[in-house]
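Letters A, B, C and D mark the chains in the order given here, with residues in each chain numbered from 1 onward.
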């Protein structure tokens, strides 16, 4: 089976996830800057989640570019990833509307953790099909980023109950780690 | 006519159906786990419907991969399927918000039944065009899954008025039957 | 310029228009059939508009299949069509929530009329670029359907103030006329 | 990396932005023209933003048509542009619901300014990759439009506090400047 529709469907779902998050930014009643100020936490949570979805789209794009064909397992591993990402707008709204309260920040981290695990499963499913000698397997290598992220999330989740700021800083840290596009795959593809 | 736009349009509609279902999961007022608990039935209904839409996308993907060209009848049979699937977010919200009440569970089954019939019509329309010797016709064969599903729905709908649990279990059963990707088509394509 | 992105973008917009209409079908408070009954006019208006958007997608698909390249004028004529179609969910909700009141039915017809005119402009813009000897120009020919539809709308709009039923019947009539896929283009393409 | 998915993803996001703006046009309670009148400012703001998003899609289409491959920097420059455009539905709703109040009009201009800057960054990122001898670099040339727009926005933003009409007129002016499709690229491509 060709990978074209898998990419198109994932692009569609990710594009919608990205855009419905902005619906949380409800038009305020007032017409002055005062009215905007109340939206600030929602706006900040929107920026963070926008970057996260952008990173996932970016890495998904890189990862799939190494694949030639897909099978049923890859389709379902991909849907599993989209499931967890589809919950991002919900938790984004939750942290934003509650001013980053501890419980909400912990759940935010939990959804990110599940998405990271789902991404890892998808990656392994593709490598299993493509073989250990494939471009992806070589590109991923020791996969430091992929291993570090869940560990940071696992620290950030309980930390949310100590301080929302610490767990927030850890989520930003993971985003920064990934913001640098996955040169590994670009490099492997060139060889 | 090329099948490209039929696939792209269906991907778009299915991606949006999948994603607007999550809008039913409204951000709760409270910021603790207590507030989340109330969302549990809606979350469960979301998972079930997410899997159903995933199955339809998956099978649609498999089915269309055997087709070369489409005609007017196929376009309309496809739109007919999308119509019934577009009602899934509505019934998903209805069962979730009413804690799986009998009437809501019956309607959920009715929409699934109509979608199954629409899928069957689409399949037959394609076979009619491609011929009895086509990949799809051979792959479908006796079509045990396609025939069992509507029968299970027809049992589940009245059962909803006896017990929501029984009809719910039957909907999960059908999902499990289909969750196994349609190896028949993959096998036929390889030959 | 290649037509690929014009098709993809139009597919995206039409898919979203189709799907957000279902959001008007708000999940009712009650969990019985009584609660559903109140949604009946909204459901009927949804079916009618779903068919209309389906017809537009279908014909758009047929029309673009004859085109090889697009220019700036075609891009804007296409956006103009999408603008009027983007208002269909709004008027669909309006007629549904007001039980097909006269004024709402007249506006529904007006939006359909403007969409029909926009479609005609797009068609002429393409023919102008492709030339009078093009597949589309031959296929369209005397364009009976394209000329009859606006005339019927022009009758249906004032008729809404006499009886909503008459204007509703006229909208259904136009849908039926178009429901038959545009065999003209399929035939011309084959030659 | 191939540019296909970048285009598809951008098309998806822009299509959704375009279409969710119409959700601001909430179905009014009344069923007469009186009820519609109140929606007039929202409708006008919808038309203006529809044209702006149309222009961005159009120019994005033209610009990408000159590109062969994309890299990580282009992907992120593109996401940055989509971020600012994703805020257009929010500010469109804000100006519409507040009858074009000064502060809302200033913010509208600010978002347009940021989108223009993001577009410029994307353009430069592509030129940097493609080289000064590329089709795009030649087509852009002195880039009068691209330089005039931010200057007009910078005038329009403070002007909003003098008169909403003046800043509104300036936003319309920029739209008119761009409405003329970018013949420069079409011309360069032909050579």
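Quick notes
What we mean here is this: contacts are C-beta pairs under 8 Å (C-beta built on N, C-alpha and C of every residue); 3 or more make two chains touch, one makes a residue touch a chain.
In this text, all values refer to a predicted model and were calculated from it rather than measured experimentally.
Compared with chain C, the chain whose C-alpha mean position is the greatest distance off is A. If you lay the C-alpha trace of chain A over that of chain D, the rotation comes to 90 degrees, to the nearest 5.
Interface residue usage between chain C and chain D, two copies of one sequence, is largely distinct: under half of the residue numbers at the contact are used by both copies.
Centroid to centroid, with C-alpha atoms defining each point, chain A and chain B lie 26 Å apart. One simple way to say how far apart two chains are is to compare their mean CA positions; for chain A and chain C this gives 37 Å. Shared contact sites, meaning residues of chain A that touch two or more other chains, fall at 8, 12, 15-16, 20, 23.
Only residues 1-2, 5-6, 8-9, 12-13, 15-17, 20, 23-24, 71-73, 75-76, 79, 82-83, 86-87, 89-90, 93-94, 97-98, 101, 103-104, 107 of chain B touch chain C when the two sit together in their complex. Note for the complex: chain D touches chain C at residues 7-8, 11-12, 14-16, 18-20, 22-23, 25, 27-28, 31-33, 36, 47, 50, 54, 57-58, 61-62, 65, 179, 181-183, 186, 189.
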